[in-house]
Amino acid sequence: MSELGVIIIGAIFINNIVLSQFLGICPFLGVSKKLSSAIGMGIAVTFVMALAGTLTWIIQSYILNPLGIAYLQTIAFILVIAALVQFVEMVIKKTSPGLYKALGVYLPLITTNCAVLGIAIVSIQKNYSLIEAVVNNVANAVGFTLALILMAGIRERIEESDIPKCFHGFPIALFTASLMSIAFLGFTGLL
Amino acid sequence: MLYAVISLAAMGAVFGVMLAVASKKFAVEVDPRVEEILQALPGVNCGSCGFAGCSGYAEAVVKGEAPVGACNPGGAEAKQKMAAIMGTDTADSGMERKIARLLCNGSTSNSSMLYKYEGIEDCHAAAVHYSGPKACHYGCLGLGSCVKACPFGAIKMGTEGLPVINTDLCTGCNICVQTCPKQLLQLAGISQLVDVRCRNKGKAKEAKDVCKAACIKCKLCEKNCPEGAVQVVTDNEGSVAVIDHTKCTNCGICVTKCPTKAIEKASPIKAEVCAVQDGPSENKPAGCGSCHICG
Amino acid sequence: MRNIIKLGVFLLVVAGLAGLGIAYVNGLTEPIIAGQLLESKLSSFKEVYADADEIKDETDTYLKGADPVIAEINVAYKNGAPAGVIYTVATAGYGGPVQSLVGFDIESQQTTAVKVISQTETPGLGAKAVENSFSDGFKNKDAARPVEIVKKEPVQGNQVLAITAATITSKAVADGVNAARENFMSNFVK
Amino acid sequence: MSLVNEFTKGIIRENPLFVLVLGTCPALAITTSVNNGLGMGAAFTAVLLASNIVISALRKVIPDSIRIPSYIVIVAAFVTMIDLIMHAYTPALYKALGIYIPLIVVNCIILGRAEAFANKNGVGASIMDALGMGVGYTLALVVMSGIREILGAGTFFGIPVLGASASPALIMILPPGGFIAFGCILALMNKLQQKAS
Amino acid sequence: MNNQNNLLVVSSSPHVHSADSVQSAMRDVQIALIPALFVALYFFRFSAALVIVACVLSAVISEAATQKLMKKEVTVKDGSAVVTGLLLAFCLPPAISPWIAAIGAAVAIVLVKQFFGGLGCNIFNPALIGRAFLVAAWPVAMTTWVSPLDGITTATPLGIIKEGLQQELPSLGQMFLGNVGGCLGETSALALLLGGLYLIYKGHVDWRIPVSYIGSVFVLTAVIGAFQGQGLSYPVFHILAGGLFLGAFFMATDWVTSPITKKGRIIFGLGCGCLTVLIRLKGGYPEGVCYSILLMNTLTPLIDRYTKERVFGRVKKHA
Amino acid sequence: MRKLTFRGGIHVPGHKEQTCNLASQPAIVPDRVYIPLSQHTGAPCSPLVQVGDAVKKGQKIGEGKGFVTSPIHASVSGKVIALEKREQPGGNFVFCLVIENDKKEEWDEAVKAPANPGGFTPEELRKIVFEAGIVGLGGAAFPSHVKYSPVEGKKADVIILNGVECEPYITADHRLMLEKPDRITAGLNYIMKSVNCSQGVIAIEDNKQDAIAVMEKATAQEKNIRVVVLQEKYPQGSEKQLIYACTGREVPVGGLPLDVGVVVNNVGTAAAIADAVELGIPLIERVLTLNGAVNKPANYRVRIGTLFKDIIAASGGYTGETGKILAGGPMMGKTLYNDEVPVVKGTSGILILKKEDVRSEKEQHCVRCAKCVDGCPAFLEPTTLVKLAKKELWEEAENNDLLSCIECGSCVYVCPAHIPLLQYIRRAKQAVQAARAKAKK
């Protein structure tokens, strides 16, 4: 139990996927302009990462490892994730138009979100059990969502500020991220 | 080696088939023309077409609820594209570009003031106080609500306290016209150059007292216009000269006759500007911005 | 339906070819990678216990069940007899686990050397643990007494100078050494 | 002439990192030393080159409806190969770059180039495009990592450059420093663009 | 035309204004910092003076310079840069070299404040980012402490506990007065309390943040202390140690970066308190005030959003 | 004991010492009066007389259609010489009947004291109040008879007389309470009777101790009336805040005082009602304070329709260079662009500000000090509303309870960054109301 706790705290706060591992920077910068879309993206990523974590773990343990072809990890995982994302998108579109309106637009963006693939690989590298791997994936997704939501809150506020023109867009978002990551340094050594 | 090939190939096949099947099974009908029309529109969501943003308009067009030419910012080009998508006739696409014109000459040197206004720079906010700080209750307040409202940056405040419209950038979206609390902006075809730049309906003396460039209802324009295009129109508020642009030939006789220079002829606009509608360059719609593949 | 099969087959071919290519490259690189791993392991073993003819993994012999700290126990043989022991230990540092090798000499009952082989500590601070300036402090310590981290110049034999502003990392290494030391004392010192 | 143009555009005008702002994750994560930056750039260029060649060669064969999955498979294959090769021949670099090598797969630039360029152009042009983009990206990484390594570690390619008395600002090789350096460079690029236009 | 110069002024009500201005508020903050300033100068002498001067000068100069460069109005006269400089100096070790301190102040002003649009626009407390930046950049210099008066290298009370050093803890009385190792302006709880009360009296600081902050640290450490069998001196130690008073009265209460709702301020204070205790007891750093406030700063926009006051008259509908 | 008050609000220096001890004196009756056809909330009046007609004092000269309206009366006897558009203290232009004063002060025959004022039924009382043209004299000028008329399903159980007068510089109500406590008490009794309510409260701020004493004495015999002392705070006199302070009830958003069983009237209104009921005199005169940069600040009893200029001239004219002329106090008063503006029923004061006192500080960026939030008596976040208004997000502003703003100006008063918050909020309200009107169409 405490093992899982360590994984959760570590993934969300100490080694926050965005602020200290630099995964998923693109959507972090892109979809953090509005709080509502940040929440939507966060939920979509969490959903996909939980599914992808389970699926990749199963593939690794029951196909790649037994056959001695662990070196196919990258290509196998990306295939799984790409297919999964598209599949999920189609299913949601058909079954729940409301959910699709909320999440659908973010789903295509997730394929190229390196967080999904990155964390799936890390979970395998760390020799996690299935439960640990899923928890790790979800915790990282929560960390991503947390960073995204905090960022969106901040960006909605700085929108009304008199920011110098050349800092508009990416630069100011990066500076914000840098200050957030300085703040998150406070969590280092927490465990 | 063998395992690698087989398993990867199998995975490829499985996912390929799965997706193909899924795309059939979970297919949702979307009219692709909506997307295409959306592409043809400038995407500024100005609302001048009367629909909720560009996507609302695009859907309405596809459903046949809206005509193809209702987008002013898109101009003739968008109309043609949309007509092509919808397969409608493009023969009548000779739509003239429209731009906004200011109908007031009450510059700081021409007009007198009622009081010194202090407060936020907003025409509506100032108009609450005795119709605004200008002595002329019909005149431009010069606080730039139209400047702020213009989504294309086409209006700038001039040195004389009146907004100046950049004809190159103006798309005729009608937003400034709706914004002006004094209704001093009007859309007109780009070839129309002559305007009565005064809306003061007060009596000649009162109008003259508050602004040097006011229409004094002398009817000289009306008498001298060879086309009968200028008329002093009277309603229950009073009277003022108005030009009927469908008749006006830009001859400029009324301009020379007007004793207060309330009628003005704009300098002709460059032919290429008239002909080609440059899309809004700086104000493209912002995509998600996360990457450039989809955006 | 035919279309679906066609697409599936195409993807099958592409994926198959990709698998073929990767498998081929893997065939080329696999032995090199394996060799490298072994070599780097041996060379780091050499660094903590230089004087050995043969090194054998005897974790199962000396470790009863899983140990939270000690991961591996390798025994260095010289002239057919055990001469030294190399422990692979992992302890919690500041930014994650700190993995180090601790070498003991059976005859002198002293540490030979300590080497940090993997860590995720703060660069410039805790990451200095890999440098000799720190790990040299652990050389030739009496295995009977626990090592102790101090912030000022060591005065006693069992003391080691901490890395400046990184006491936690220093202690993590020392914890590993102490865990190895206890195992060493119970197994190799009669 | 146009081939030269395909090559040079990626270096400055359409620099993938500084102008198009693509491939940001590795650019922030591994630019703590110039060695890493250069290694990442090289690996990236190799993958981009290989995948651009294959995709442009196959562009008429690949069915349109499954082109993205096909690209992903092709790119992933090359990434895996590079991963294995680096593991075998440059173990130190492999260890330093870690997970970011397999993550080249999801680097937006590669799929982006495949979709936007290799899909539509011949092999020759695609090679130049890949080289240009690859070199541009590598240069950008080297600039980023150079700034961070000099300020944060006081070294360049591991060689001390700041002199013994100056103590480097460690934060520059920590995560916040990455964001700051990248933000400053992008702001500078914005400024230059505004000046130009 | 007719008598256009003597027009009356027409404007929207109200037509009178309080004497308050941003400048006067900044002046009050400066006044409130004076007691702690004197304590710092008394205990840490010349080195403290050097650090303070470096910080304030650097802050003012970099504010003026960036505003000049960005072609904005130079507003150093509003005194906010001086306040930032002072606050940053107060949370630096007394023996730090002035050029490091100056870099911290420049980062605080340029990166945190001016890049985000100047006064009122910053998301994070500039002085605290300045400090956190320096901790990350020059960790050794930022964790080298000297004891008051004699200037010998020592450890802070929290450092002693954290690293389990065999060193005697100072008495609570010493900590109250400030005769301990630590950042140059944070050691004297007494002086900071005086300044803080002055600000509360002046209406610039809402009591909710310091009270909920210090209160939650006290309660949490008291409970934890009770579990460990420690008496009341344990929580008292924790509220006197480190930069808690400086943070609670001067940093967490920063207008720009703290919530604007009353409920939000209490949540903010509680959050700061919990994070401080968490970092102090479990985290890698001995002191958590700086980071806890910065972390809560990131939450401020969201806190504001979700703690809106019930509007007057929006009562539950029942008879 | 804790003093009764509301939550939020600010402390504004009263500046009342200059005039609060000056007995109210009759102002000069001018040669001409200008009586606007609309001085009240609701339908404007149409003139009942024509240019050239002779009118007598107290004669009804204008009347509106519908229920929410109030007639106007001639405040002097003489001849109607014009019907012209003039600017109003409210910032708009309204037609005024101009009456040339013949100085005969002849009362209209309709003005006569009834035989038995105590015997009126509630309906009769409301009719008298309506016919006398009585509107709220605190400033809002809402027709009083409307407030007293029964509403299906709602029952008033408390009448609050507002003697708070929290506007700085203004002492008209203060003087009225000192001078005519009996009229106020009598008026309150008539109001209670017309609403059929048994409880009356007279609310006074604790900075008017003398008025409290006088009113307590005047109501000592009245079992159903009590004087409530409130803490001195701005805007204590605002209707909803006053109700909360006196009764602890909150008027719901968008609701009326009657929704919580309360009717609020100004003390001046009560006195006017007493005059109307007992003497039959319509509302042609009111008390106002002239203060600020004039030679002799004073409290005047002024005929409705007197120009500001005449009152100012009568008290010795301006001192120094005039910057602003305010109808009302400095917090909620309206600026005028000249002094040729008539006193209307809702004019409680005239305040002259010198040019040098009209400082306009530059608007700075919000520093989020939240003083506006702490001071807002409606518990709004003025700074948030302003940010939305600046971005013209009217709908979102509406969702943030924009329309609950009572426009007291507290936020602007305390803002250290000198942001004209209230003007932005007013602009947003204007836009929201325009949008609503458009939606209705």
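Quick notes on this structure:
Labels A, B, C, D, E and F are assigned to the chains in the order they are written; within every chain, residues are numbered from 1.
Just so it is clear, contacts are C-beta pairs under 8 Å (C-beta built on N, C-alpha and C of every residue); 3 or more make two chains touch, one makes a residue touch a chain.
Because the structure is predicted, anything quoted here is derived from the model rather than measured.
Chains that count as touching both chain A and chain E, per the definition above, are B, C, D, F.
Comparing the centres of all chains, each the average of its CA atoms, the largest separation from chain B belongs to C.
Comparing the CA-atom centres of all chains against that of chain F, the greatest distance is found for C. Of all chain pairs, the one joined by the greatest number of contacting C-beta pairs is E-F.
Computed centre separation for the pair chain B/chain F is 44 angstrom, with centres defined by C-alpha atoms.
Centre-to-centre spacing of chain E and chain F amounts to 47 Å, using the average Cα coordinate of each chain.
Computed from the mean C-alpha positions, the centre of chain A lies at a distance of 61 Å from the centre of chain F. Residue positions of chain E touching 2 or more other chains: 7-12, 111, 117-118, 120-121, 133, 136, 139, 284. For chain D, residues that reach two or more other chains under the stated contact definition are 22, 66, 69, 73, 76-77, 80, 84, 108, 111, 170-171, 174, 176, 180. Annotation for chain C: residues 7, 10-11, 14-15, 18-19, 22-23, 26, 30, 94, 122, 124-125, 168 touch two or more other chains. Chain pairs that touch one another, listed by label: A-B, A-C, A-D, A-E, A-F, B-C, B-D, B-E, B-F, C-D, C-E, D-E, E-F. Note for the complex: chain B touches chain F at residues 114-115, 118-120, 122, 124-125, 128-131, 148.
Touching chain A in their complex are the following residues of chain B: 3-4, 7-8, 11-12, 15, 18-19, 22-23, 25-28, 288-291, 293-294. Across the complex, chain E is touched by residues 167, 169-172, 174, 176, 180 of chain D. Listing the residues of chain E that touch chain A in their complex gives 70, 111-112, 114-118, 120-121, 123-124, 129, 132-133, 135-136, 275, 278-279, 282-285, 288, 290-292, 294-295, 297-302, 305. Within the complex formed with chain A, the chain C residues making contact are 15, 18-19, 22-23, 26, 30, 92, 94-95, 122, 168.
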